[in-house]
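Both complexes shown next keep subunit A, but they swap its partner, so subunit B is in the first and subunit C is in the second.
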Partner chain A sequence: MFRMKIVATLAVVTVSLAGVRVQADNGTIKGKVVFAGNAGDHKRTKLNTKKDPNCAKAKKAIGSYSVVINKKTDPMTLRNVMVFVKEGVSKKYDAPSDAIVLQQVGCEYKPHVITMMEGQTLTVSNGDDTNHNIHFLPKKNQEANFTQPKKGMTKDLTLLAEAPFKVKCDVHPWMGCYIAVFTHPFHVVTGKDGTFELKGLPAGKYTVEAWHETFGAKTMVVEIATDETKEADFTFAP
Partner chain B sequence: MHSHRATFATTAIACLVTLAGCGEPGDSAVNSASVGNFNAPTATTDATTGEGSRAYAMYCVGCHGSDGDGNGPAARFLRPRPRNFQRANFKFSSTRAGQLPMDEDLSRTITEGLKGTAMSGWKLLPPHTVTALVEHIKTFSTKWDGQARAIALPQDNDPYRTTPDKTQAIARGERIYHGYAACWMCHPSYISASAINRHLVALENPASDTFRDHLHQSVATPNTEGEVLFAPDFRRDFVRAGEDVASLYRSIAAGITGTAMPMWIDSMDVPKANASGQLVTPGDLWAMAYYVQSLIQQRPDRITADLSNQYTPRDRPQRILAPGETPTPPPQEPSAPTEEFLEDDEEETPQPSNSDHQTNHAAENGS
Partner chain C sequence: MNSRRYTAIASVLVAVLWLGFATPLLAQDTAAAPSFDVELTGDYGYHLPPNIAPEGTYPHTVDSLIDILHYFMVVLFVGWGIFFVYCLWKFRQREGHKADAKPIKAKASKYAEIVVAIFEAFLLIGLSIPAWASVRNEFPTEEENPLHLRVVAEQFQWNFHYPGPDGVFGKTSPAFLDLATNILGIDPADPNGKDDITATELHIPVNRKVIADISSKDVIHSFAIGVLRVKQDAIPGMRIPVWFEANRTGNYEISCAQLCGNNHYSMRALMIVEDQGVFDAWYAKAAEGPEEFDEDELDD
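The block that comes next holds the complex of A and B.
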């Protein structure tokens, strides 16, 4: 868990560093993803992991990931929402050299939602004493389906830019995660506070999208001047 | 009602096939020449009026549809459904799962067919027609445009090829199937839980005190087309893409595109943890193929096929009777004329072969 936090933090830091390194633009779009529905309707459930007793051994209970609400924030916010610039980026950006890590621990994908850049390395690793197959279900990239039957196995791969697509494990049907690949570094995933910040944007008019695996996508047009910081909140009210 | 419909469908298919058979290559050539007068660009000539297009219209549209969407008139009656060429998810290939197949893969499927499905083998088609069909199938999806050609996986590295006795290969395959690849997570396990544990430990995996429910049955998983498929039970189900060792190796190594079956070729190079040497090698894929083939040979139709070569029909094993059930006498029709003939024959000139038949006849009357 602790290790994962470090990895996640590293990934975020890398992304922002890359933005700064490439150009001196300093515009920022920040805000939060508000959940305005009834939290009681979207309770997380305990997943049935009986199919593989090794998973039950590794972790007592796994919760469903389809909707994760941060109930402690005010107002309530949504976790695992991808926020990214969909249109309006004209510059070319290089992919960061650091790899994004997708771990399979306790028969869960960590992190559950990944945003990365085209050409960036994605390292898939197995931290479980069981067999996982990793089945990418993209539309534009090629479908891939490989296995990691032993603990400690890793595989590196790169992806082409593509809208969010699912990755699943056929052996453990509850396991799923989402990956989106971009040609620019302006993309983040909301965490426990439900906020996002897209840094290092040049002045311009941007279409920003918030994408959630269950509630779908919401877009917003934000125009920023040079070095300007603008707030933009997304609201999902299912 | 249902059977009525099915009969209609069968007739329809039969008609299609018959019609297809009636088409004369010469006639079509004349037609295509006249169509060619409409200033069609040369590049698309083959796609629209060439041999591939004509052969597709003759042999394939009935199931795969004129648009290649796998939705021809007969498709609604078929399970599994005909392939949708527009999506270009080809299950059986010698390339890594998810990649487009090689031309040879497509032509193999056309000529050999897919066992247990409506896709029959088109062995009667001349090779140039099959090649033309392969090219025509590629026109239905843009996935084929500008795609870097995938590399076929090596198939000439069978370490057991020169050994006539495959017992060792089958034993190693059973170990890899249960102890390393954990195929029983989707396919059935063919051995007991304790035997699985023995294989797990032998391959440096932790033993497990519990396994999934219904360990000796298949598990169903959805494919990318939205259908739910059971992993084949090799002792019961047909294996689609060929039951020879090379075909089984291909399916295990490359995986099956669109389904839960992953490719194994990249996961077969594992060194031992605390000693020098290999724990798992790429050659073990062949061992798995030999093991799966040994399971296929236990399938009822294979056993019956073997028995029918060895015994006369009366010697075939009988169904086990339920308590209180009386055995139904075997049907007499086929043997009746033969018996009559034999009796006549016997009266005139007794022969050693006839006396054999007489004993059989007497035994049958007695029982």
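The block that comes next holds the complex of A and C.
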């Protein structure tokens, strides 16, 4: 009898959850991350990779990544900014089944900034003919620190939700990247056009944050109605 | 009869352990040792690495100390070896002889111990302390125009900090550290630091004395230049000066001589000894800072 009750409860929960899913959420928050400072103060430089000749062989030069400005967009925008919903998501979402890949190529992390979901697989792979050491510096997750001495090695990890934290390579000090893990799918990283789009949001009031490794975080409260698309631009003016 | 059986069992056990544990360990993926993209100068052979310090300076004292100690070691080794073989033969197990576990009480062994103690005191007071004194006493003065630089160790890299053409080091602080672009934490607002050089290769001019202040950012490392017989611990919170001079141009190895973590083996750097003119050209170029990274030109 007790078992029957459990099964019935589970069935009700499943059906109700499925019901929620069927109701499509089509709210969108989109915009761009504007850079309003002096681009000349933040020129990218070639990093010193002489310590490991295998790195120089793989790639002619690696650029500094602490500030990457898209100078060709109008206005100028910032690359590698995480834009995500910080507060306001009440629903539960499943992690996507496809893995996020963190590659080590030419002694550089690709991509440089990663946003992913709790429970999603993160595949760390070594594409270099040299030894890499992957060192996660999280506050909440367990500190990962492992080596991938050979080309083609991969390792799968899953992470708990956590604010952006740094990942570094102990063999090549210049290597660094950032990972943030969320309990929902509303997070993106700006690319060469400096824009972002958070799609599939239910109606509600959200705190949206733009996080940059050098310039820090900026937040904004955006309220959207069902199926509404709202523009919200962030501006960093260092 | 019993002891033979035990020996046989022990041998089998050792063989099983070896096959079970050591073989998989040996077959494991091991990291390729990082190599330099240039050939190292000099024949390292089976003896000491080449000594590129000028005659009469402390690295040669170190060599003669090593030589003397090795001669003594040969004497000790051969002497004890002969005595050991003699004892094996003399006190072998045989009919009509019983082992005597009582220690002997003879004058000879007491005198031998006194002689050993005196000899060890001689090694320390007669050889090692004078050798160390020569390292410190020959420290170059400012009149000799030494090149000043700082060596900053970190897991797992050697960083070299030169003051640049103005000859003054910029202020450094952990607050300005950036592992990619400012590994020494030079204050960007300090005018003295504008021309400072950060390098991962040690460039030094030939036939000029160098004073290097050794420090560390994290754990204890040891700055070792084999060809110059330099070995100094790099200790966090301390800045320890060493000096050296090379009289031969070429590419030489700098290593870390203190186990400092899981990638200790990869903590090597290149020392490039070059003519003053070549060095000056490198110094002027390096003082301009890193080149700009043009992503349109280079693959991003």
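Convention: the second predicted complex is superposed on the first by the 215 of 238 C-alpha atoms of A that agree within 3 Å, B and C clash if a C-alpha of one lies under 4 Å from a C-alpha of the other, contacts with A are read in each partner's own complex, and residues count from 1 in each chain.
Definition applied: contacts are C-beta pairs under 8 Å (C-beta built on N, C-alpha and C of every residue); 3 or more make two chains touch, one makes a residue touch a chain.
What you see is a predicted model, and the numbers here were worked out from it, not measured in a lab.
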item: Which superposed partner A:Lys155 touches (first subunit B, second subunit C, both, neither); value: first
item: Of subunit C and subunit B, partner touching more subunit A residues; value: C
item: Partner chain in contact with A:Asn133 - subunit B first, subunit C second, else both or neither; value: both
item: Subunit B versus subunit C as contact partner of A:Thr45, first or second or both or neither; value: second
item: Contacts of A:Val171 with subunit B and subunit C, given as first, second, both or neither; value: both
item: Which of subunit B and subunit C A:Glu143 touches, first, second, both or neither; value: first
item: First (subunit B), second (subunit C), both or neither touched by A:Ala61; value: second
item: Contacts of A:Pro53 with subunit B and subunit C, given as first, second, both or neither; value: both
item: Intersection of the subunit A residues that touch subunit B with those that touch subunit C; value: 50-54, 129-131, 133, 147, 149-150, 153, 170-171, 173
item: In the complex with subunit A, residue positions of subunit C that touch it; value: 29-32, 34-37, 154-157, 178-181, 183, 198-201, 261-263, 266, 269, 289-293, 295, 298-300
item: Touching residues (chain side subunit A, partner subunit C) in the complex; value: 43-48, 50-54, 56-57, 59-66, 129-131, 133, 147, 149-150, 153, 168, 170-171, 173-176
item: Parts of subunit B lying in touch with subunit A, wherever the complex brings them together; value: 89, 96-99, 180-182, 185-186, 205-206, 208-213, 219, 221, 224, 255, 257-258, 260-264, 266-267, 270
item: Subunit A to subunit B touching residues, read off their complex; value: 50-54, 129-131, 133-137, 142-150, 153, 155, 170-171, 173
